[in-house]
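Labels A, B, C, D, E and F are assigned to the chains in the order they are written; within every chain, residues are numbered from 1.
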Amino acid sequence: MTGILDVVYAEYNYWIYVALMMIGFYAMIAKKNLIKKVIGANIFQTAIFLFYVSLADITGGTAPILPHVHGGEHVEHAADVIYTNPVPHCLILTAIVVSVSTTAVALALIIRIYNEYGSLDEDVILAARKSLQPEFSEYARQKSVDEVSRQ
Amino acid sequence: MMVTEINSITPLLAVLVSMVASVLILASGKYPNIREGWTFVAAFIKFGLVISMLPLILKGNVITCTVVEMLPNLPIAFKVDAFGILFAITSSFLWIFVSSYSIGYMRSLKEHAQTRYFFCFAIALSSAVGIAFSANLVTLFLFYELLTISTYPLVAHIETPEAISSGRKYLTYLMIAGVSLLFSIVVVYHYTGTTEFSFAGIAGMDAIPQTTLVILFVTFMIGCAKAAFMPLHAWLPAAMIAPTPVSALLHAVAVVKAGVFTAVRVILYVFGVDLMRDSGIWLYMAYFVSITIILASVYALMQDNLKKRLAYSTVSQLSYILLGAVLITQHGITGGMLHIPYHAFMKITLFMCAGALIVTAKKENISEMNGIARQMPITMLAFTVGALGMIGMPPAGGYVTKWFLLLGAAELHSMILIAVLLVSAVLNAAYFFPVVYVAFFKKPDHELAYKEAPLTMLVPLVLTAIISIVIGIWPDAPGMFLDIVNIAVANVTGGI
Amino acid sequence: MIWVLDITMLFFLVVCAIAAISIKDLLSAVIILSGYSLIMAVVWVEMHSVDVGFTEAAVGAGITTVLFIATLARTEGRSED
Amino acid sequence: MNKLALFVVVITGLMLIYAGQDLPPFGDPDTAMYQHNMTQYFIENSESESGVSNIVTALLANYRGYDTLGETTVIFTAGMAVMLLLRRRER
Amino acid sequence: MTGFDLIATHLPVLTVVIPLIAGFLTPIVGWIDRRLPWYWVMLATLVILLITLSNLATVITTDTIHYKLGGWNPPFGIEYVIDLLNGFVCLIIAFIGFMVAIYSKESVKKEVPGKTTQFYTVFLLLITGLMGMTITGDIFNFYVFLEISSLTAYALIAMGDRGDGVVASFNYLIMGTVAASFILLGIGYLYAVTGTLNMADMHNLLPDIYENKVVLAALAFFMAGFSIKVGLFPLHAWLPDAYTHAPSTASALIAGLMTKVGVYAMVRFMFSVFTPAFVIDVNMTEILTWAAALAIIVGSVFAIAQSDIKRMLAYSSISQIGYILLGFGLVNVIGITGGLLHIMNHAFMKCALFLVAGAVFYKTDIRNIYQFQGLGKKMPITTTVFLIAALSMIGVPGTVGFTSKWYLALGSIEADQWIFVAVILVSSLLNIVYFWRIFDNIWFGHPHEIENIKRDEAPLTMLIPMVILAILCVFFGFFSGYPIEQIFEPLATTLLGGVP
Amino acid sequence: MSRIQESVIIRTVVRIMVPFIELFALYVIIHGAGGPGGGFQGGVIFGAAIILYAMIYGIAEGKKRVSDALDRILASTGLTIYAGTGLLCILFGGMFLQYGAVPLIPDDPAKVSKYLIDLVEIGIGTTVAAVMISLFFDVSPPESEEGELPDYEGAD
């Protein structure tokens, strides 16, 4: 029974991760709202974590924790127990921490941006920056400088 | 002819002496007398060092000096041979006169930023001598670029918008040239694995496919845009906005001669006589420079500004040198090489006269110079000497080189080239005689009192005029330029 | 039939993700993101990676959400897209 | 802008799908990854070498302990960065 | 074992651990006295400079250094591998770090007032991150340090111009996160097909499975990620803003180092994780060279259009990164030598130029190059440094810029790609255009006002590093023979590993 | 003051809960050796406890429990413990972070390793908790606007 279903399961898993990655990526680059971008980044990263964890999983395996935790006595573990691959778990633990750190910094930046420009919308911020520092054409800029220095 | 290589650091010292002087000039900028003192001391030491190598060169030796291995297989090295010392003597000798002349000129006009001026001048001179002594293309390129950069502040010296735009033009031409030269050097290195000059041309050049070879020659020649042949000449008239001593030394001697020198080096010491002849490039190049010779003379005819007229004359005369080199006959090369010092002495005389006119009579245009000889007879006499030399009339030196060039052209039985030389002589006469005529025989518009330029200016220009005559009436004096040129020609033609 | 549950959860993940990026009210989006993280944590535990699941529950659904909400409290709650 | 974004996303997605064709099947213990001696080594030796029975912890704190030091530094960095960004200036 | 031997054995790890520990102790140091962190950072960077020097010397005289962290044999544990390539990059990092540390004293006081302690903490952590990325032989460890360096860079950039700095930092953060995620994904792919994380191990395992599509996808994601990180042309959008609006100190550090380490990583992955044969086979090098050529031209052209000096330098960086990558993309010994050389050269030049921009801003609050008139009189030393570094960027012989340009042009001919020779040369001309207008403004603008300007030079702590960098620009312009023969050429040969 | 913060029940529950959450966090940190958990998760939970307290009682009250200076020192301390452990291994002749090299218990490097792993986990936990608290304190609205934080209903 398990064979076919496992394949379906495995394939399905993979498609989900691709879909999640694309959703997150799209939000990161297409959304105008900065918070949305950060949400997208979170989804994007989590999708990659899902990929890693899926890699680690072994059908019929158990969590990579050896079974004699509290006794302290060494017990030979049964040979037929299959453990899932612990390496990706370890990597992803690290990656999650990185992800939350990035999010925190991003949010701090967002707060600062909001304090400066009073908006979280990329277009509004861009417009505000333009109005605060009008981008002279090169010629106009030089001319104005020349005029100032002539006086 | 056996060539012995002698190791010595004298070439390095000769280059460095004005570099060191430039630092001292900068340091003593607040005390003009000390500053100019450094210039003089350096000029004399430099000339002494250069001339001290002459006896060895005349014996047929070559002095080498490897400074540093800049990149693997790509040293910064000096090699003094007869051709190199010819250029070095010319430029370092004339520096002495121009230093004196500069002081007179700059102080009379109370120019600003004189420290910067003398600083850049010293560096430019270093570069010129460096170019003369370079043992390989990369060293030559190093000084070539340094010369471009150090002369920019001199061209843009007066800092008016016009000067700056002229400076930009100057820079644009020369930097494009530099890039083209670099490209050519890289290609040469790629095919031959070396960039070191050799009397017979760099070994391995003949392995380059014909098309590439032609392209390479063209890019090399673009790289020598300092030689101001047409159509890459436009920077030279533009650079006339610089103070006259700059025009005199740099745009009659150091910079343009560096360009011509590089071109000749490339033609004879990179490509080599044999390759030039076998590939047939020489003929096209000869016709090409002929166009410049004629056309530039015509342009000169149309100028009213004396300095501009001299500039176009320079353009024309420089191509004589190139023509001589590409004739690749013994006489042709002799004539071309000999024209480097000869033209230098005559043209510097003319420029210094023009500068004297600007300082004393405040006149730049020929049409304003009616009877100016009554005011400045000595200056105009010197001018006449220079003009005669340019036209190719004895006693000034010009006729010697023209003679050799004609011999070279005759050897090849090329009527066209002979005709070019003769026509150009006529044109030279056509644009120089009016100046002399106007100055001596036209009546001044108003009464002119006798008033010559300050002595610091007058003495140099008289001396160079005298030298122009001396080299004309006694060209084959032992140890003089003809001797040196003979050795150089023997080197490249295999001692025929 | 645990795989049915798995597929359902994975499906919900996609739904949550799309909802989180398309909903205009940012607080709701953040809460949905929190839910997304929680489901993700459960999926991971289901895949035998208990440590990662534990961490994601604490971080993704916990701290990240708190930080998001705190940020929203200092900025604004609506988004144009 | 949105079209460009969509284009980039689709390209990325195609790349992911392209890669997906050759990925080792999920849940299969016979992959290069699981059979590489590294994984097996950890499962067999982590207890006797590190004294902890949670293999992930053994990996995290012992075999790849240096990564974890880096990870802690990342957190610390984030703390510092946010402090730098949002704290008021000290006088 | 004597104490000296003890330290000598552990130098590789100390390269990273010393700035790390110094970094997180900085808050405590700053808590004791607010003036202390600068001395503390100087000390730390000096120590790692000496360590990296010693590491490189060891690599040159003996052999590649392997350091097993935690004593675990690779691939089970993390391994530090120092060969010529990263030994040299580490030295550059430590050196530039030290220079910028000296420089930072006054600049940070002015531009980041009241937050110097945190600034220096982050500064040291940035160096930690860059060092860790460079020195490690484990790809996941690489990712961790990549994130340390990225986070610190975001923070430093955000410290810059009010408003603009924060926005620039946020954009960088988004792009950086995309890049890092791509790299993480690539690592996952490679792990999935090989089962190892050790670079050397992977290098041995991968050739057997090169026809696997996952490997190609991994390469593509790595290249995309690193291209963002180094600001390769179509993916450069974050870079100009970030460099322009960061505080001067941070600009110099980030411009001098971040992208260099990014390039290093790209090279490391292309040549030491994958094999050159594979990378050439899938045309990645060709794509890289064309992108690089485009970057060279476009970067220079954009630089001409700028009036803010830092923004101009940023665009110039984009173009210069193109040079480096062009060299590596040519995949021949000469081209790679040129690329390696340009890593070093560009670090010197660009760092010097950013330091000059910072010093001018410190004294005059001016960044618009059309307001630079008379600066030559006011700040002669600073402007001379600028002159030297800019001439070096142009590629005037006798400066470092020439040496790398020489190799790159030669390498292009070697690869029979004449078009790239043209690109390199045209870009030199464009460099002249955008630097020369500044020279004109500094020395030739408005003479009558210049006469009255008094000399007002930047403080000594700023001058010293600038002058040292300028001297190095000239020194290595003449004395590149030794490093090329000892380091770059053997390194290029090793990297290519038998590819014709 | 929002309704949530005013609620006596919530205030009391939080006051009682916080110590238990902290205890649980410590358990998670130590438990990492034998089961799911570890320094990072424990640290986050510990941080969450303080954050919860600060959310209900206000940032100022929270800062009374964990002051800025303490926070900063704790963050550094955690890392110092970690890196210090690594350096300790160097001092005893091992590689960096080679726990077995420390002769804490002769002839049983695995045991030593276990203890040092616990120590390291505590270090991680300390730093993580401290940073999480500091992150929250920094990101949440400044004290002058204190109390607006959970009051988010008005924003639609």
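Everything that follows uses one rule, which is that contacts are C-beta pairs under 8 Å (C-beta built on N, C-alpha and C of every residue); 3 or more make two chains touch, one makes a residue touch a chain.
Remember, it's a predicted structure, so these values are computed and weren't measured experimentally.
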item: Fewest touching-chain hops separating subunit A from subunit F; value: 1
item: Neighbouring chains common to subunit E and subunit F, by label; value: A, D
item: Most remote chain, CA-based centroid, reference being subunit D; value: B
item: Pair joined by more contacting C-beta pairs (D-E or C-F); value: D-E
item: From subunit C, the most remote chain by mean C-alpha position; value: B
item: Between subunit A and subunit D, centroid-to-centroid distance (C-alpha), Å; value: 12
item: Distance between chain centroids, defined by C-alpha means - subunit D, subunit F (Å); value: 22
item: Computed distance of Cα centres, subunit E from subunit B, in Å; value: 44
item: Inter-centroid spacing, subunit E versus subunit A (mean Cα positions, whole Å); value: 26
item: Subunit D: positions in contact with at least two other chains; value: 16, 23-24, 33-34, 38-39, 42, 47, 53-54, 56-57, 60, 62, 64-71, 73-79, 81-83, 85-87
item: Multi-partner residues of subunit C (at least 2 other chains); value: 49-51, 55, 59, 63, 67, 70-72, 74, 76
item: Interface hub residues of subunit A, defined as touching at least two other chains; value: 9, 13, 25-26, 29, 54-55, 57-58, 61, 63-65, 69, 87-89, 91, 93-94, 97-98, 100-102, 104-105, 107-112
item: Footprint of subunit A on subunit E - complex, ascending; value: 140, 143-144, 147, 150-151, 154-155, 158, 162-164, 166-167, 169-170, 173-174, 177-178, 180-181, 184-185, 187-188, 191-192, 197, 305, 307, 368, 370-371, 373, 446, 449
item: Subunit C to subunit A touching residues, read off their complex; value: 3, 6-7, 10-11, 13-14, 17-18, 20-21, 26, 29-30, 33, 36-37, 40, 43-44, 47-52, 55-56, 59-60, 63-64, 67-68, 70-72, 74-76, 79-81
item: Subunit F-touching residues of subunit A, taken from the complex the two chains share; value: 63, 65, 69-70, 93, 97, 104, 107-108, 111
item: List of subunit D residues in touch with subunit A within their complex; value: 1-2, 5-6, 8-10, 12-13, 16-17, 20, 23-29, 33-34, 38-39, 42-43, 46-47, 53-56, 59-60, 64, 67-68, 70-71, 74-75, 77-79, 81-82, 85-86
item: Complex interface listing, subunit E residues touching subunit D; value: 20, 23-24, 27, 34, 69-70, 72, 75-78, 113-115, 118-119, 121-122, 125, 128, 132, 140-141, 144-145, 147-148, 151-152, 154-155, 158-159, 166, 189, 191-197, 205, 209, 212-214, 216-218, 220-221
